[in-house]
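Two complexes come next, and they have one chain in common, chain A, joined by chain B in the first and chain C in the second.
And now, the complex of A and B:
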């Protein structure tokens, strides 16, 4: 059996767990390729106008996988832990896909910790639906989590090593992983920063637990878990970086509030807000980044 | 023979060129409309400033503005810099004490905050070009007047009409409506100037501390109606240099002076043939639109590629096969 994984949205967070889990229980996986113009155009074609750009891209990835696998994995993740919600878009994707493409086979699992549905239960149920025993599904889940933890710790460690280096200016990119690591959306920006001889570091490679704790210094009433992690990373890393880029995809609801919050509360370090949309030409973004780095270089000389 | 340094600022609406000498004096300058053809505009600028400058050797070239890359390739520029930096560098030479630079150009508007001669903060309009120069020129056309006369007509008004300028589309319908119910033309024009200023301060200038001395530049700074509106709203004196429209090019020239690589620039560039050809690269699903730039039929640069498949080297190797 082959499970299709759309390389978009939560793939950037849970992809490692998914791939490991399915491998252990004996399923093959196919992951859609990096986002390209074709995928973006397909995604726009199958979305309504008002959807956010990453969710449009998601639809393009789902469309790519149709006919190439037995099931497409689309989880519903509503909340992780108590009072840690996830953007409604992310738990609506299952129904959006189902209603858009009709009779395709979708594999799902539901996580809603706030209402007693934890991730472990969800994975065990999913494993059993695919025909493996409780024990096998449980051990597959545990091993998948272990693999993910290992990789994540390595990522944090690598970034910490980068942060020790003081030869180059370091720019913290605060963004959802599915924006900043998408080849089409955010990657050109970190690539451009590299071309200008600076180093980009990422909010999602800062220590998560520490970030969530530190996020209280900016706001103690925020309830989107992924945004908590990203704003907390600012507090964790602010002494080690020279500037912050808030990278948002148009029109992200949570980010529009959270970025405003950051702009008002983070005062000691230069911050720029860059909004990506499907029509954006490269020149505008390059002007903004180049001039932002010029300003930071000037300040570093003070 | 004197040594000079050339700065070219190619914006969406206008193209500016200046030559400065070793003491930062402007020896030659030209300002004309880009008219959607930056290469031709730059050629005309070069012809004009060559005539003005007389016996001079241009040692280095800097480009800025939204076509800086294209023009940088055309002139083999020593420096290619973004508009923010170029404007700050230029303005700081003329006004060393400046704290705030307000800039409204054809499509972009910016605010630059300076502390002790160093840019400490700036903001730029985001996705929308409401309230910039192109908006003013299209409204001038609608009202049947030259955009150059806009400011002087605005100054004759004592009672500016209130116009909503948050969005260009709304502003336009507001404007039509106000004209139809009998508001005087000069009041509407003064109202537009005020709307541009309020829009600027509420968007680009939001949350920024505007401290004097304040310098206003970019094409719109030539509009005395907008200058007066800024003074009324901010309550401070607004400085406008006589060369305020040239500041980007001036900054680029100064950057060129500081980065000279020891060569002589030939004005014969203006006689060469430059062609850009666009094509869609089909080597991967990204289908990048690649622009190839030819000088006298020889490919000198290309851009628009997202991966190495569309790089200059790759295109050349395909062409030579």
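And now, the complex of A and C:
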């Protein structure tokens, strides 16, 4: 059996777990390719106009997988532990896909801690739906988590090493993983920063747990867990970087408020806010990044 | 310094809120924000983040105008999607603008009566918890009655025989509510006005056009933000039904959410955030009840309601019921809204006619 994994949204956070889990329980997986023009256009075609760009891209990836696998994995995540919600877009992706593409075979799992469904249970249920035993699903989940943890720790470590380097300017990119690492959306930006001989580091490679704790220094009432991690990363890394780029996709709900929070509360370090939309011209963004880096360089010289 | 307590507008709810606060804070001035106008929205937009949803801008505008008028305690509620996080950002913006005030947040789970009481104490009142609870329950009951009354008005105002008879009574009714401080007087007023509203002469044909309004709570409940859409519809002799009310949001929905999800049938497996779930379920129900059309309202970019749109499209297709979508923001043009409403109304009317013609035709065929 082959499971299709759309390379968008939560793939960037849970992809490793998914791949490992399915491999252990004996399913093949196919992952859609990096976002390209075609995927973007398909995504736009199958989305409501006002959706945020990452969710449109997601639809493009789902469309790509139709007919190429037995099931497409569309998880539904609503809430993590206590007072940690996720954006409502992620509550709804399953039903959006279902209502948009009609009768395609979807595999889903539902994480909703407020209602007693934690991730472990969700994975076990999914494993059992695919015909494996409780014990097997449980051990697959545990091993997948372990694999993910190892990789994640390595990522954090690598980034920490980068941060030790003091010859180059370091820019922290604060963004949802599915924005900054998407080939089409955010990747060109970090790539350009590299071309200008600076280093980009990412919010999602800062220590997550530390970040969540530190996020309280900026806000103690924020309830979107992924945003908590990203604002917390600013506090964790602020002494080690020279500037911050907030990378947001239009019209992201949580970011519309959280960016305002950051702009008003983080005053000791230069911050710019870049909004990505589907009509974006690369040239305009490049000019902004260049002049931002100039400002930082001037500051560094003082 | 005397406390001047203020809060933003939504529909007519400033009236019961004001009544409640007056009962609780006898020594303070209770001053709802000045009436929402174009200026409110302009002010709010000027200081709001770029693509935040429009209720944020209205609220912020309300606060600024309240502060201009001397308010020094502001109250914000919150919950659901982004609304739950408005408060912190609004406070930050207002402080950066240089205002001094106490900002009281009542967010989602903080709405437990004990906690609300604690918050009221911190603002400054010496009534007992028992009294507080009494007033709270009184006003909740009042809101229930207001909601029921306004639902009746919505469905009938388009058909009043004498112009303004509903509006006149409505205003008088609110005047009476202001004097209420116990359950007995509330019961009297309820009884009196229940009768009075039903006494208003209406000329409503059995088969009038029926339209249901679904969508995001603020744009559904605050007429200024939806360009008085319900009123426009009524002018064309349409029965307007809407389900999102404070009573629904606070008391029915939390209890019925599982039922709501189930009743949404094949269109939903999970809840899709804030009012989005209800929009889907309501639209399906309205379609099944034989309504002529559905109007879906939301602020531009409202995630839960955008989430609901693929399902609404499918409901429209499956039940052959037209759905009109509105996204409101600070640049929405009033004439644009009116034109689209007009066109929608014409279409519904035409569909009605052609359906009637078809049945007439079928009758004739079966007779011959």
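Definition applied: the second predicted complex is superposed on the first by the 302 of 302 C-alpha atoms of A that agree within 3 Å, B and C clash if a C-alpha of one lies under 4 Å from a C-alpha of the other, contacts with A are read in each partner's own complex, and residues count from 1 in each chain.
The rule is simple: a residue touches a chain if its C-beta (ideal position, glycine included) is under 8 Å from a C-beta of that chain, and two chains touch if they have at least 3 such contacts.
Since the structure is predicted, the reported quantities are computational estimates derived from the model, not experimental observations.
In the superposition on chain A, A:89 makes contact with chain C only, not with chain B.
Contacts of A:298 after superposition: chain B is touched, whereas chain C is not reached. Legend: residue contacts after superposition of the two complexes on their common chain; A:256 is shown touching chain C, with no touch to chain B.
If you count the residues of chain A touched by chain B and by chain C, you find the higher number for C.
When the two complexes are overlaid on their common chain A, residue A:290 makes contact with chain B while staying clear of chain C. Residues 250, 264, 275 of chain A touch chain B in one complex and chain C in the other.
The touching residues of chain C, when paired with chain A in their complex, are 49-53, 56, 81-82, 84-89, 92-93, 96, 105, 107, 267-274, 276, 300-304, 306-307, 309-311, 313-314, 327.
Within the complex formed with chain A, the residues of chain B that make contact are 66, 69, 81-85, 118-122, 124, 126-127, 207, 284-288, 304, 306. Within the complex formed with chain C, the chain A residues making contact are 48, 50-52, 76, 78, 87-89, 91-92, 94-96, 98-100, 108, 110, 219, 221-224, 250-251, 253-254, 256-257, 259-261, 264-265, 275. Contact residues of chain A toward chain B in the complex are 33, 36-39, 184, 188, 250, 263-264, 270, 273, 275, 277, 280, 282-283, 286-288, 290-291, 294-295, 298-299, 301-302.
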